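What follows is a single structure, written as structure tokens, with notes after it.
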């Protein structure tokens, strides 16, 4: 019972999506399922927020190492939710709606929630990703070694593409005679980069894509047929 | 001999923070000196540019701003350039995002281009007539599927809470299948890949994508059969800006309107550093091998 | 005080003094932000009770006028621009947080950990607010109680909208996920999960098969001998396109052979799969270079923020 009903739900809705793709008569059912999907994932997200709070509250109550950071996380979470749901600093967009103080967009420029996005969220997440520029440089220096044929291919391609992604690819024209019309439009690195992109890189990725597609199709089919129930977790 | 040995030993144990410092300088110096760089167009970028030029005035273009601050450095300049081009060609633009964290970036694109640059003059771009902000549609890739059958099922109101039925720009528009072109500057999930899988390929809707460098190789197999155009990373954005600058020099030749071209200079120097580091790293590797073999 | 601490203390003092001097001497100011007030005003129509926008030139100070003020970003030079303290503080906060994140490059430290903790909370909160307004209010509340939605949040909701109680089903199904918190009823929490997994699996089965399998095979079936029409109407052998097509076909087939594990990779299968490995290595090499490109761009953007928006050293 505990696993039969969910398997039936998954199969029913899954096969519905498949049949609706081929049958316009079932379109309304597909649209309803898609609508419900958004609602259910939203509630799941609230559940996720709640478990995050429980996790950090437990860390604080157990006085685990770094519990102070958990308190900061909880505080940031609480402030963001309150500020966003109360639409602090947001004004109605049109005169008609002036007597509806909560009618303005919650992310309105100048509002408190927008401020959090603009000056807290945006700079921090983008800087965290920018850190990778440094680590990738360090990795290139330490680990990118021509140890065998495969590594040489990887390395040489990376060098060609790195050079080909900026105007420096035109430097190679300095070593070549000018074209008959005097132009310097013959860019071997640019041509080579484009050739690699069009042929070998595309082909390698295409092979991966075909393999992944087959994997996704097989897994989906196993889920819909009830053969794969791992997503339901262990017995409870 | 002894001095060269010392240098090799030092390089073998070089603290990575010196490399970090070199990278910081390679990027910071060109910014402070104001060094930019333009680009010559590659075929996948030019194909999108040409498609937007060929479409008749008033064509319906869906602009899906599917990225967040993590990838805004590469994709924001693209979003601005695509939107500018659509406005210059007087197309109707339908802005949407499937990324919750993309909403302020979508608003910024509209404010910077549509409202500030095309919101005045003889034929101003008017909200509800020439463009609409559909805002965020929830449900990730499933939201794209929803849009392909009925936009109003995914969102019955625009970002300001106005019913879509009361907006003239939405007249005769039911789903994505009524669009002449979908353009998505996108990163990650859901992104260009999902737009290809859920909208472009099954419903044969012309689709073009702008993508981050990281994501680009995954999208190459879709071009040119399933993607009209593919603009890759900051280089692609720079190419697009350069094409806009040469076709519409006033005012798009100005560097202040070309964020990607401004980032071209630091990009060039950082790539030079990366190439040098790879070459130096391998030189050390071979020197160590030579030293080991000569010792044994 | 050890040597490292001394150096850092000195660096902080020198940095702080330089910043203080720059704040005093900079013409543009450091991180200064300006806004322009946008007034939204209307007058209540006595007959209908609806607020109507003011006519052109009508005073916003008259009786019965209701006003709201929004502030949009503006350049310092814009007429009527006013200094914005909240946004200026915002730029300073963003700059300090950016530097805190960069401090990780030296070593892990409490500043970085603090920023990390803040951002975990803010991110989770952001998503809840985003989905709350976009789905729970704009999708669920509008359907279940259009009158309440019109009264409180979405005044444009059609007046003839009727409640659609069918939407209670996904709400109840979704709320079952909270049963996971109750050990005896935890099994009920699988139902909404099954709905999500089933929908995704059904859609993916068809769409992956179409876009990533069939269409990819179709795109690989290419002519190996390409003829192009010349100026005199005859046919020429297009060696460039022919080589390109040949490379694509060989590369895809060899890479697929590498991924085919039902046959042992020996003999000619082994040789072909080795070519496949080379193709994949070239592909990964290009991926690496393109990834580097992206990360450098991000770093450029962050430094541009520090030098332009915050310190005002350059003008973008």
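Which chain is which? They are A, B and C, in the order written, and residues in each are numbered from 1.
Methods note: contacts are C-beta pairs under 8 Å (C-beta built on N, C-alpha and C of every residue); 3 or more make two chains touch, one makes a residue touch a chain.
Quantities reported herein were computed from a predicted structural model and do not represent experimental measurements.
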Chain separated most widely from subunit A, comparing mean CA positions: B
Comparison of A-B and A-C by number of C-beta pairs in contact, larger one: A-C
Between subunit C and subunit B, distance of the C-alpha-averaged centres to the nearest whole Å: 12
Distance from the mean Cα position of subunit B to that of subunit A, given in whole angstrom: 15
Length of the line joining the C-alpha centres of subunit A and subunit C, rounded to whole Å: 8
Shared-contact residues (touching 2 or more other chains) in subunit C: 72-73, 105, 126-127, 130-131, 135, 139, 153-156, 199, 203, 206, 208, 212, 216, 219, 283, 286-287, 290-293, 296, 298-299, 301
Multi-chain contact sites of subunit A, meaning residues that touch two or more partners: 21, 34-35, 37-38, 41-42, 93-94, 97, 103, 109, 117-118, 121-123, 125-126, 129, 133-134, 136, 140, 155, 158-159, 162, 165, 197, 201-202, 205-206, 209
Contacts with two or more other chains, residues of subunit B listed in rising order: 20, 23-24, 27, 70-73, 101, 103, 111, 135, 138, 142, 145, 161, 202, 217, 221, 233, 235, 267, 270-271, 274
Residue ranges of subunit B touching subunit C (in the complex, touch as defined): 17, 20, 23-24, 27-28, 31-32, 34, 70-74, 100-101, 103, 111, 135-136, 138, 141-142, 145, 155-157, 161-163, 166, 196-198, 200-202, 212-214, 216-217, 221-222, 225-226, 232-235, 256, 259, 262-263, 266-267, 270-271, 274
List of subunit B residues in touch with subunit A within their complex: 14, 16, 19-20, 22-24, 27, 37-40, 42-43, 68-73, 101, 103-104, 107, 111, 135, 138-140, 142-143, 145-146, 149-150, 153, 159-161, 202, 217-218, 220-221, 223, 233, 235, 264, 267-268, 270-275, 277-282, 285
Complex interface listing, subunit C residues touching subunit B: 72-73, 105-106, 126-127, 130-131, 134-135, 138-139, 142, 153-158, 199-200, 203, 206-208, 210-212, 215-216, 218-219, 283, 286-287, 290-294, 296-301, 303-304, 307, 313-314, 316
Subunit B partner contacts - residues on subunit A that touch it in the complex: 21, 27, 30-31, 34-35, 37-38, 41-42, 93-94, 97, 103, 105, 107, 109, 114, 117-118, 121-123, 125-126, 129, 133-134, 136-138, 140-147, 155, 158-159, 162-163, 165-168, 190, 194, 197, 201-202, 205-206, 209
